[in-house]
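All chains are identified by letter, namely A, B, C and D, in their written order; residue positions are counted from 1 within each chain.
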Amino acid sequence: MSQLSKVFISHFTVRYAETDRMGYLYYGHYASYFEVARVNALKELGVRYRDLEDDGYLLPVRTFEVNYKRPAHYDDDLEIRTTIREFNGIKILFSFETYRSTELLNTAKVELVFVNKSTLRPCEAPQNVKEILIQATTRP
Amino acid sequence: MSQLSKVFISHFTVRYAETDRMGYLYYGHYASYFEVARVNALKELGVRYRDLEDDGYLLPVRTFEVNYKRPAHYDDDLEIRTTIREFNGIKILFSFETYRSTELLNTAKVELVFVNKSTLRPCEAPQNVKEILIQATTRP
Amino acid sequence: MSQLSKVFISHFTVRYAETDRMGYLYYGHYASYFEVARVNALKELGVRYRDLEDDGYLLPVRTFEVNYKRPAHYDDDLEIRTTIREFNGIKILFSFETYRSTELLNTAKVELVFVNKSTLRPCEAPQNVKEILIQATTRP
Amino acid sequence: MSQLSKVFISHFTVRYAETDRMGYLYYGHYASYFEVARVNALKELGVRYRDLEDDGYLLPVRTFEVNYKRPAHYDDDLEIRTTIREFNGIKILFSFETYRSTELLNTAKVELVFVNKSTLRPCEAPQNVKEILIQATTRP
């Protein structure tokens, strides 16, 4: 059965605080944009990250990778397109594309792992979350 | 009895990430500089902020006030001079002066309050900390 | 003639990157929220801050003051209400109130000054901007 | 002729502002740590990044990659070990290792490209900088 690619959209306007003296959105701030983008993706799927933490899970980042093609500037309206690429019950891989209108500014990948808040060891995601994430996964 | 003014010194080099597209150290980043400066002041007095939190205290900011005279730029070496201005057992008032060499860039005040981590209500500082802070207070 | 208070509304959702280990929105990050809030207010008045800089003006912060009453937490939806309090052609004073639903979390004031980008000296705002800002000013 | 690996050392103490509600140094803040670490490395080699920009060069990040193994916490003393891995006259690849005492917390790579400030096109580094960087390169 063919599966349609599920893409989640988030919008950002570059804040003055996020620019640097090149006049660019500082390269490190995308980390927080991608975090908002994936939290929005999860929300759209009915999973609130806030609740996950309250239920005893943490979701720290394992690997983070960005390829910058063009810079963003102050007050630019950006669109981040988020896709869930892999999920094995414990680890989840998101991919991101940042656009300014039709221009692709960068692509990124973030791998996170479900961790038990008490033991701080990797663990299986809650059953209902697992089902949702498996459904939402779009292989590249 | 006259009391000598106790001034605590902290040094900072402005990071690229902290500049904005004016080329200035973004005005909001001083909040984290002053936080480091007051934590250093407490450390010099033998009080580790980290231990305070582990012992069940929080020290949130109540009021924050900065007067900017001149901007700082990328890679500038800054010196922040911290003084404890008031302490009544519960609230503590720090004042700060930011210098680049002999040039005064800004002055600031931060008021913090001791809070019990469980009740989230204001509370007296631990007895040993109280004695240290009373000793270290320099009225303006 | 009586003047109605003009209040400009901006919305924010607290990002994970903006929380600290108390679980609070770090007190220093409000600086960037207030900056977005006043840029939004100007946009609503037809003044794009981005254009001001392109036209040779800078608008650095002179004084900044916050009174924190209650903390915000991760994923909280905040509303910042911005008012222009004073404008004398060169300096502009904004006041802010941060709400989570009906709860007032803090109040703040920011004074900015129009600066000529070449001379870096305070200067009069452009004529059309002056007229707009005088109109929009709500005395407390 | 065998070449000894040249490692440049930078020290950081985790700021409160840089923690998140997990109590960890937020994963995105390493970007600014690595930036300080590579600027320090260049300084040690006699190249001031600040001067490079004044001389008409920009050095934006092309790719950024981090592998997180263990989190850092508030007030932790971290050591970042920086190595120059590749340099072809235009692009430069840095690698980083973050340690807390003897514990490896993460590894990272950042690729930057020399860009002409006027044309915004990739360009050769200045001749003296090229010689220094070629000398300092340690292949993995």
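Note that in this section a contact is a pair of C-beta atoms (placed from the backbone, for glycine too) under 8 Å apart; a residue touches a chain by one contact, two chains touch by 3 or more.
Just so it is clear, the model here is predicted, and its values are computed rather than measured.
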Label of the chain whose CA centroid is most distant from the centroid of chain B: A
Comparison of C-D and B-D (more C-beta pairs in contact): B-D
Inter-centroid spacing, chain D versus chain B (mean Cα positions, whole Å): 29
Averaged-CA centre spacing for the pair chain C and chain B, given as whole angstrom: 24
Whole-Å gap between the CA centroids of chain C and chain D: 35
Multi-partner residues of chain B (at least 2 other chains): 16-17, 21-22, 26, 28, 31-32, 35, 74
Touch list for chain B against partner chain C, complex: 21-22, 24, 26-32, 35, 53, 58, 60-68, 71
Contact footprint of chain A on chain C as seen in their complex: 13, 15-18, 31-32, 35-36, 39, 48-50, 74-75
Interfacial residue positions of chain A with respect to chain B in the complex: 16-17, 19-23, 26, 28, 73-74
